[in-house]
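There are two complexes below, and they share chain A, which is joined by chain B in the first and by chain C in the second.
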Partner chain A sequence: MRFERRADVSVPALLVAPFAAILVSLALCAGLIVAAGVSPLTAYAEMLRGAYGSRLAVTETFTRATPLILTGLAAAVAFRARLWNIGGEGQLYMGALVTAGLGHSMTGGLPAPLAVALLMVASMAAGAALLAGPALLRLRFGVDEVVTTLLMNFIVILFVGLMVEGPLKDPMAFGWPQSVPVAAGLRLPDLVPRSRLHVGLLVALLAVAVVWVVQMRTVFGAEARAAGLNARAAAFAGVPLGRTLMLVACLSGGLAGLAGSIEVLGPTGYVTTTLSPGFGYAGIVVAMLAALHPVGVVGAAVFVATVFVGADAMSRATGVPSFIADVIMSVSLLAMLTALLFTTYRVRR
Partner chain B sequence: MSEALDILTSASLWAAVLRIATPLIFGVLGALLCERAGVLNLGIEGIMTAGAMVGWLAVYWGADLWTGLLLAVMAGMLAGLLHALLTVSLGLSQHVSGLGITLFASSLSYFLYRLWVDVGDLPPTITAFAPLDIPVLSDLPFVGEVLFSQMAPTYLALVCVAVVAWVLVRTPLGLALRMTGENPHAVEAQGLNPQALRIGAVVAGSGLMALGGAFLTMAAFNSFFPSLVQGRGWICIALVIFASWRPGKALLGALLFAFFDAFQLRLQTVVDGVPYQLFLMAPFVLSIVALVLVARRARVPEALMQPYRRGER
Partner chain C sequence: MMQRVLELNRITKRFGGLTANEDVTLHLNQGEILALLGENGAGKTTLMNILFGHYTADAGEVLVSGKVLPPGMPRAAIAAGVGMVHQHFTLAANLSVLENIIIGSEPLWRPDSRSAAARAEILGIARTFGLPVNPDARVGDLSVGERQRVEIVKALYRKARILILDEPTAVLARPEAEQLFATLRGMTAGGLSILFISHKLHEVMAASDRVVVLRGGKVVAERRTASTSPADLAELMVGRQVVRPRRTAHATGKPVLQARGLTVTDGGKRGLDAADFTVCEGEILGIVGVSGNGQASLGRVLSGLARPQSGTLTLRGRDITRLSPRDLIRLGIGRVPEDRHAEGVVGDLPVWENAVLERLRTPRLSRFGFVRRAEARACAARLIDRFDIRGAGPETRTRLLSGGNMQKLILGRNLAAQPGFLLANQPTRGLDEGAIAAVHAELLAARAGGAAILLISEDLEEAAGLSDRIQAIVKGRLSQPVPADRADARTLGLMMAGVWEVRDAV
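Showing the complex of A and B:
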């Protein structure tokens, strides 16, 4: 058996790949559910019910999908340009911290929408700065950004811990290490009354549209894609690689920072060191399942959110450990990676 | 200032350096072996978690400690085999596959641990490796505590450094492995199979990584809990670069790193008014600084991260 490169990327294969990967993952994980003594059909039905069985469940799933859309977008934008940003988790926390810190004291005469927009921009700047560092280290010193962005995640979360136990500690939180809350008037309005779903979802969808237009319709988008496809050829064609990479870093870090800002402005209102159950890392899975396409990110984020919200409910109902959600997600990542091979190669005997 | 001096001259600090370095030595050796053959293995964090879980669980279920270590190694090798199949046989992205292996191996470990172990209020414990008590030697002042009262796997780690260094530098197999990491086409031209060599290196390296994880639950601590590897795998990836892909320097890097870690742990208890998070950040900041210092001079294996497909350039 050997692989032969296709002349063109097969579009049907590309469209089928994520669904095949998800099916393979669900089939493999069924084995683990059986090992837990539960029928996989029952378990998956419970998951669906947990994620979509009631109005509250549906809103919860989309609440969970909101930060995943943004971290997925952050990873997709970076990976397209071959910038390996694994630091989405840290950038998200940095954005959250900035929004909580500034949003608490921001009371002066600004109208709320303007103040909220300013907070989001500030958080995006913080996320962008956090990734600009590793990107600069790669350009100037040749330091691999995978390692630096991974290590930054640990540094940032410890820094958040330091802030919420120190300067930003909420004195009203009965000793819990959580930050001061953002001013009540700055919280994002609910999208559906009496639920946690907020207009942050619309902001995330707007970000998808903006990224899509930037990638498809601007010179920078074309340059970023070229840099990812073949850096040497792109440089030869006159693409300013360094500048393009820095801009990609700012965009990617900014999107992850925005995810953190929206989590604080939306569902939580404050920062803790457990704000994110791994949204940054899950963003990598989302980006891969979307084949790095901004529009695909929405579907992939909803899938991952479904698995996580559904698994919690399923675990309560059947006793299968809720870590099954993480397993399903990681197996679909590996399956998707394998499936993508068949979009660029065909198998010859 | 005198407190810092007291810490530096205490035997317990230097004994702790070797102890803290042990999982790093296993991890960095494993990562180095993979990378010298041309494969980046970002699965390390998850493979260490899997080793920590499997070794611990085996002992919890009644196996003896050495059988536990062996099973941990086998779990690591299985995860490594999966990474090798994806990145070597199929030639997929080593970054994404590695991260996928990390997510997969750690989440599967947590899942099985929750499924098979009844976690009450406190995680259950095992009887872990105890410090060796060598007649005469262990009783020597200072050196006895530092060098001759470690736990058995620590000595195993040091032996592994020597073995890996010897195999890589002095044997035909090592030459072939290094050549696979530099120029797989030349290996093929010699009538050897670069893919088989890479798969072998990744499987063996992953076994070593798992040993590092197993040390955590079977010697350093005596229980398993989620996220106990705490970025040690990523630090090992940084250490490989710091060591410029040489086993001897890797040992040195792991020891240096462990020294700073042991020192800051003790400094925390005597320094007031500094948030403890700053101390915990130190190892990660240090890794980044070390990378910046050496990155320019590091001699990266030429074919690192380049998949090899027969008949394709």
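Showing the complex of A and C:
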């Protein structure tokens, strides 16, 4: 048996791949659910009900999807240019910290929408700066950014811990390690009344549109795609590789930083070291399930959010541990990678 | 009658609607060298893959020494004594020659490796067939010619009696190719039978006993090499008479590009050593030489990818020594890279994006940072039309183009901008006769239009046919230019051997 490269990758195959991957992943995980003593059909039905069974459930799923859209977009943008940004988690926390820190002391003068916009921009700058370092190290010294961006995550989370125990500690929180809250007037309005779903979802969707336009319609996008697919040919054609990579890094880091900012401005209002249940890492899965396409990121983020929100409810109803959500997500990533392999290669006997 | 060691019997293979091989019958005699000649896409490689079991034929059979080979089983082919040397080598660069040769031929679970015995056997093969290899060298450190030798030894180590070589000279410089054919000749004397695939007429003429010509998937002719001619074979191969266009003498104009004392160190090695040359309006300056003598460095400097350590490069008197690719393009310098796939195009992007990538930042193709897609597509469509790029529309993935059409795309995007200076680095390497004639015609048309062209080529026939003046490159140094009418094969041969330096000294 051997792999033979296909002459061309068909668009329908690329569209089908994520669905096939998800189905395979659900089928494989059904085995684990059976092992836990529950019928997989019941478990998956409970999961769907948990994620979409009530108005509250639906809003909760989309609240969960909001940061995933942004971290997924961050990973997709970087991976397209072959910049392996594994540091979405750290960039998210940095963005969250900046929003909380500045948003607490920002008072008077500015109208609220402008202040919120400024906070988001500042958080994006923080996320961008965090990824610019590893990108620069790679350009100058060939340092592997997978290692640096991954390790930065731990540093940033420890730094957040330092801040919420120290300078940014909320004196009104009865000793809990959480940061000072952002000013009440700066919180994002709810999208659906009496729910946690907030305007941040619209911001995330707007980011998707902007990224799509930048990638597919601008000169920078065309050059970045060329550089990602064949760096030597791009350089020959006059694309400044270093500058393009740095701009991609800023865009990617900025998107992850924006995710953190929106989490603070939306559902939580302050920063803790448990703000993100791995949104940055899940963003990698989202990006791959979307085959790195910005629009696909929305669907993939909703899928991952469905699994996580649904798994909690399913766990309560059936007793299957909610860790199954992590397993489903991980297996779907592996299945997607396999599916992508089959879109470019066929198996020959 | 000679014994037939290999027979292909009425082989037919279809890929969807495309018929790659139709009713192909041919045979190989004991101890002969048979050339399978055909243009790119004539079905040669498909046929060899069927023979070796990588593909299964839709109809027909393969016989080795009169016995039918089970289809689709490379192992059966190897066991029957068929060895294949692929166009792209299948060696692991980080392993030694010895490890590469024995890998796969001994069981994985054997606790001891029989490397001592294998070493003796390899050295024996090397001696018998005149294939010097060092079993302990790391493959990554070897030249392409040496790697090919390792591939051949590997096939012989597996007891091959029939050797199949797919485009064996595609990656070799001419002296290496000549050496290879001398070696193959010696091997047939040792009882081996050899089938090699080629689209190069001169090597078929020089190296084979018999030629089978394949065109459009069918055998169109079989000739004894001694009783045919290159012109005859060319016509059979292409199906019509192909004449490479030749330069006609005309007056050249003012100097366009001048290099003075250009010295480049590329990756620690001296690539160019105080090179001087001048290219004038309406002139083609040919740079000939054995590959690896500094052509790559020269190409990189003129493309803006390498900075010279010293010396100057001027375009109509303006210093362009240290400009980036983008600046050079803006100044009207066209560049055709040495390696189409690696540097010329981004294979996974559509044709239209490759057609305009170099010029995206001009007002015609973008506005406020946004690509004017309709204009860009129209631009690509015009290129496809004007430069006769076949099998493609603007939306086609560029990777799917044949080598010749890809080269026409690269040449076209440069020539459409009417460059004052054009670098053509190995513009016809790996192309078939039809495509070569088309590329030559375009270069000559650009020359007639007043462009100054620097042609870097290892193909002497090409350099002599197109160039007004020729300089040889040897170890990074350039000879004095010789007018084309004084550059006969002997003079060029001496120049490429670096003999001019001796004469200078005397």
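Please note the rule applied: the second predicted complex is superposed on the first by the 349 of 349 C-alpha atoms of A that agree within 3 Å, B and C clash if a C-alpha of one lies under 4 Å from a C-alpha of the other, contacts with A are read in each partner's own complex, and residues count from 1 in each chain.
Definition applied: contacts are C-beta pairs under 8 Å (C-beta built on N, C-alpha and C of every residue); 3 or more make two chains touch, one makes a residue touch a chain.
It should be emphasised that the depicted structure is a prediction, and the values quoted were computed from it without experimental measurement.
> With the two complexes overlaid on their shared chain, look at chain A and say whether chain B and chain C clash or fit.
In the superposition, chain B runs into chain C.
> Would you check which partner chain A:147 touches, where first means chain B only, second means chain C only, and both and neither mean what they say?
The answer is first: A:147 touches chain B but not chain C.
> Answer with first, second, both or neither: which of chain B and chain C does A:161 touch in the superposed model?
A:161 sits against chain B, while chain C stays out of touch.
> Spot which of chain B and chain C makes contact with more residues of chain A, would you?
Touching more of chain A: B.
> Thinking of the overlay built on chain A, is A:191 touched by chain B (first), by chain C (second), by both, or by neither?
neither
> Touching A:225 in the superposition: chain B (first), chain C (second), both, neither?
In the superposed model, A:225 contacts chain C only, not chain B.
> Could you say whether A:211 touches chain B, chain C, both of them, or neither, answering first, second, both or neither?
Neither partner.
> Which partner chains sit in contact with A:329 here, chain B, chain C, both or neither? Use first/second/both/neither.
The answer is first: A:329 touches chain B but not chain C.
> Which holds for A:96: it touches chain B only (first), chain C only (second), both, or neither?
A:96: touches no partner chain.
> Give the one stretch of chain B, out of 45-53, 81-89, 153-161 or 189-197, that collides with chain C after superposing.
Of the candidate stretches of chain B, chain C runs into 189-197.
> Of all residues in chain A, which touch chain B in the complex?
2-3, 5, 32, 35-36, 84, 86, 137, 141-144, 146-148, 150-152, 154-155, 158-159, 161-162, 165-166, 281, 284-285, 288, 320-321, 323-324, 326-327, 329-331, 333-334, 337-338, 340-341
> Note which residues of chain C are touching chain A in the complex, please.
Against chain A, chain C makes touches at 54, 72, 303-305, 324-326, 328-329, 335, 337, 342-349, 353, 357-358, 360-361, 366, 369-371, 373, 397, 399-400.
> With touch defined as at the start, can you tell me which chain A residues reach chain C in the complex?
The touching residues are 7-8, 217-220, 222-223, 225-226, 229-230, 232-240, 348-349.
> Could you pull out which chain B residues touch chain A in their complex?
So the residues of chain B in touch with chain A come to 42, 82, 86, 90-93, 95-97, 99-101, 103-104, 106-108, 110-111, 114-115, 230-231, 234-235, 237-238, 241, 275, 277-278, 280-281, 284-285, 287-288, 291-292, 295-296, 298, 309-312.
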